[in-house]
């Protein structure tokens, strides 16, 4: 009886195997021509909050520019969204899912670790990938098929080092990041190197995954006599660090990288007297042309659907990663138009020719896959909103 | 000494939380000889219940509701997943526990969308207080006292009441206790009731301190609490509490010493040491050798 | 009797070669779903781990939860030894002068020519990965193997966590790259035979050879000693089996193959990071072993493919929000769903009723119309609620299927696993092997 059931189970599985194998290719039954763009973002896990915001930016861009002209024909652009769960072991399968969905170009991911894990798969399938906010340099190094529209961590690290020296005259820094997290450990190292080059001292520590208790680390920072704490990490841990620093009565200013530009940080800082600063790619209050149009349009789009507002963190504050997502999508559209083809290989070859004014600045790829970005925005999390402090470049 | 004090405080706080979870493990193991892997996930579920309850109900209603829901969940898990396998070999039950843990984590992941949720602030215990020159949350100070009070209440329960006697009998010899007319199902359900209630209280203290709830947040504390139970002597409640504090303090001191990579590993190293040196744990009883 | 045994192993070998040919064809024929290939590759790797865990848990009766730690060791050893020298500076970014300065596959490639050198290098590194894992198993086994089953489980789990922490230690960074990703080493896509891709055949070949070795061990005197230890330790010792030695041997062999499978996992993922080798990975393998049947090698293999297929591929549609095209489709779906629910509930109720009636008839009690245990009543109530939900969905205006969104796949999957653990605790194959199914039943005399 049980063996019979087992055989039935296996037969059922095989049948669905056959149907799944063919159904993936027969989806496009409409009369329009469609071009698939893959969205490779986390929707759950440590980076889920940021990934959702980045996806919102891409979806908004898709609603603004839903079609593209190739060889005189109009193609409608369909987004294929997968969730890489912020995990480097789930990322390859999610990437393969996109490949088998027949995408021409991939956007993403939020999170350098998953981008690096998926890069060989996109490369093998000859599909170019445009990262929006993954800042670790290893994502594009030696990877001709990976591009990004944001700045990279060596730049971001020195920007923060310059900022803390200017703002706080900091001589000692306490650096904290998560073990095994490529973005955080990379950015921490670059910051530490830049800070030491300025003549400062650094104490660096790493916490294991799943840590909830940061009181010991905060104590370490206090007893070290740090002038500033630099803790690039996912938002889940950031909110714990901030609230525990507040309850320990720690007065040291806390700084983070671009992942900290999120409503999670605002919620954590609200009601405390902590000084929290982040470096990021975009400022909502930037009044220059393209950015202002984007901000008004995006806010209206967010407010039109309550689910979108929830995904954005329950409000309509424009996150920098959404702006980057928007720019990534537009970059892809530009590349497709220049390449005049839906083949991944052609789009990849067209990328160096792309040059336009995006929401986060001018986008071009002068060498390799990294966009030429020379400025970062420093903001302060102050009682529920981000206050723009200054624009910082790496040499000031 | 003053340098170590903040670490000690932190260690005592987290140790108290481990102790509350460890009691649940040790009681279940004492009677059923089962490592209830799902206990850590019930602890996490209690955290999520609170997040969702306070979204629509005031705090003084949410707290008892959360405790009731956690108890209900604990008993449900026992009835559905452990009772049918009571006569099966030990490994099957442990695998069932792992399966339940897997199921609970995936259900929580699905319901919450995988994003971290912020735990509501419980007034008074979340306020900052200053102790000996160091600022910390009031909950840090309350936890060890509350733990000790609960443990004393529990020990009185076990030593002086009928149901406590039934629990002791069942943990000494399962089959004979049944022969003596003890309704074993009720005893086991009661054990899970107490264990889950303590986990719910522990979760309130834990999440008041570390205010982010994710579906996997209970896995590591659950495992460490089990190590604490083994360390103190499985089946012994004071042992579990002492084990919890020792594990919590050593973990925080290691972090303070700068070897943060090993803060999880040191817990397991302590476990291995105690298993090799004194397998029955600090307060464990030596089983009588039968020839 | 002896003359019958040789053809059976030839049959199995022949079947395996046929399987390899099919997989080779799948690798190279265009249009085959990529997901199928992924399931095959990952399934082969998990099959090997499951069999190695089965050797320890199912055949020797030692409940160990340290598999993930040994896989980690094998994966890291393999990755460190095969990163090409040119890429080492790139990978070890945070540790200048990191990396071991040479690469086994590269060095052999220079000597023997690219492909043969690659193959030989990979085989050597796989075996080295297994040896490192086996070495640690020996060291860990010294204090731990004399503990009883539950404590052994927790102690091995603890050691796996300790190994994971040590590998991530900063001071070991120049070799292990600390907690960062190791990548750019030799993986399955580097193999080709002329212009034939061997991406999926290679894991099958490696896993097949290893499983064959394990089967040989199980069918030898050592295997019989292991089974004796599982059945009754005291009796085994009385029969002259040295408990400590055999337990240690089983532990080391199982860890050796777990290390090799860890290295293969590294090759499959093309990146290695300590954080993925968590206790959760060990639990998954344990579930595979239980699903397949503790004590059955072919059961573990089949269950591994079923597990990987279900969790990665077949159930993926449950994760996508699906909008039905029109009302007719919704009606059809609702009717089919209702039919399935009614069918399952009545089957369960009928079987329980028959069993209960049989029991009361044996005792000689009076007739009852419907005799059911509480669990049967609960099943009927749940079924009724589900049908009600189905009806509500039918009459509601929207066409989007409820419940289907990200994460539902894993929920369904865990429920199925729990069903198997609770109701089919002997697993798919119990403790029988696949050839047993084909054996002709002898009529009772």
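Remarks
Per-chain residue numbering starts at 1, and chain names A, B and C are given in the order in which the chains are listed.
The rule we apply is simple: contacts are C-beta pairs under 8 Å (C-beta built on N, C-alpha and C of every residue); 3 or more make two chains touch, one makes a residue touch a chain.
Note that the coordinates shown come from a computational prediction; the quantities given were computed from them, not determined experimentally.
With every chain reduced to the mean of its CA atoms, the largest distance from chain B is reached by A.
Comparing chain C-alpha centroids with the centroid of the full set of protein C-alpha atoms picks out C as the closest. Between chain A and chain B, the centres computed from C-alpha atoms are 37 Å apart. Chain C has its Cα centroid 30 Å from the Cα centroid of chain B.
With touch defined as above, residues shared between interfaces to two or more other chains in chain C number as follows: 165, 168, 170, 406-407.
Residue numbers of chain A whose C-beta contacts span two or more other chains: 43-44, 83, 179, 206, 208. Looking at chain B, one finds that residues 109, 113-114, 219, 261, 264 touch two or more other chains. Chain contact summary for the complex, chain C toward chain A: residues 32-36, 38, 87, 90, 93-94, 165, 168, 170, 178-181, 183-184, 187, 189, 269-271, 273-276, 306, 309-310, 312-314, 316-317, 319, 406-407, 424, 426, 428, 437. Residues 2-3, 6, 9-10, 13, 16-17, 20-21, 24, 43-44, 83, 87-89, 92-93, 96-97, 99-100, 113, 116-117, 120-121, 124, 137-138, 141-142, 179-182, 185-186, 189, 206, 208-209 of chain A are the ones that touch chain C when the two sit in their complex.
Those residues of chain B lying in contact with chain C across their complex are 33, 35, 80-81, 84-85, 88, 90-92, 94-96, 98-103, 106-107, 109-110, 113-114, 219, 223, 226-227, 230, 261-262, 264-265, 267-269, 271-272, 275-276, 279. Taken in their complex, chain A has these residues touching chain B: 43-45, 48-49, 52, 83, 85, 179, 205-208, 210-213, 215-217, 219-220, 223, 235-236, 239-240, 243-244, 246-249, 264, 267. Note for the complex: chain B touches chain A at residues 3, 6-7, 9-10, 13-14, 109, 113-116, 118, 126, 128, 130, 134-137, 206, 209-212, 214, 216-217, 219-221, 252, 255-256, 258, 260-261, 263-264.
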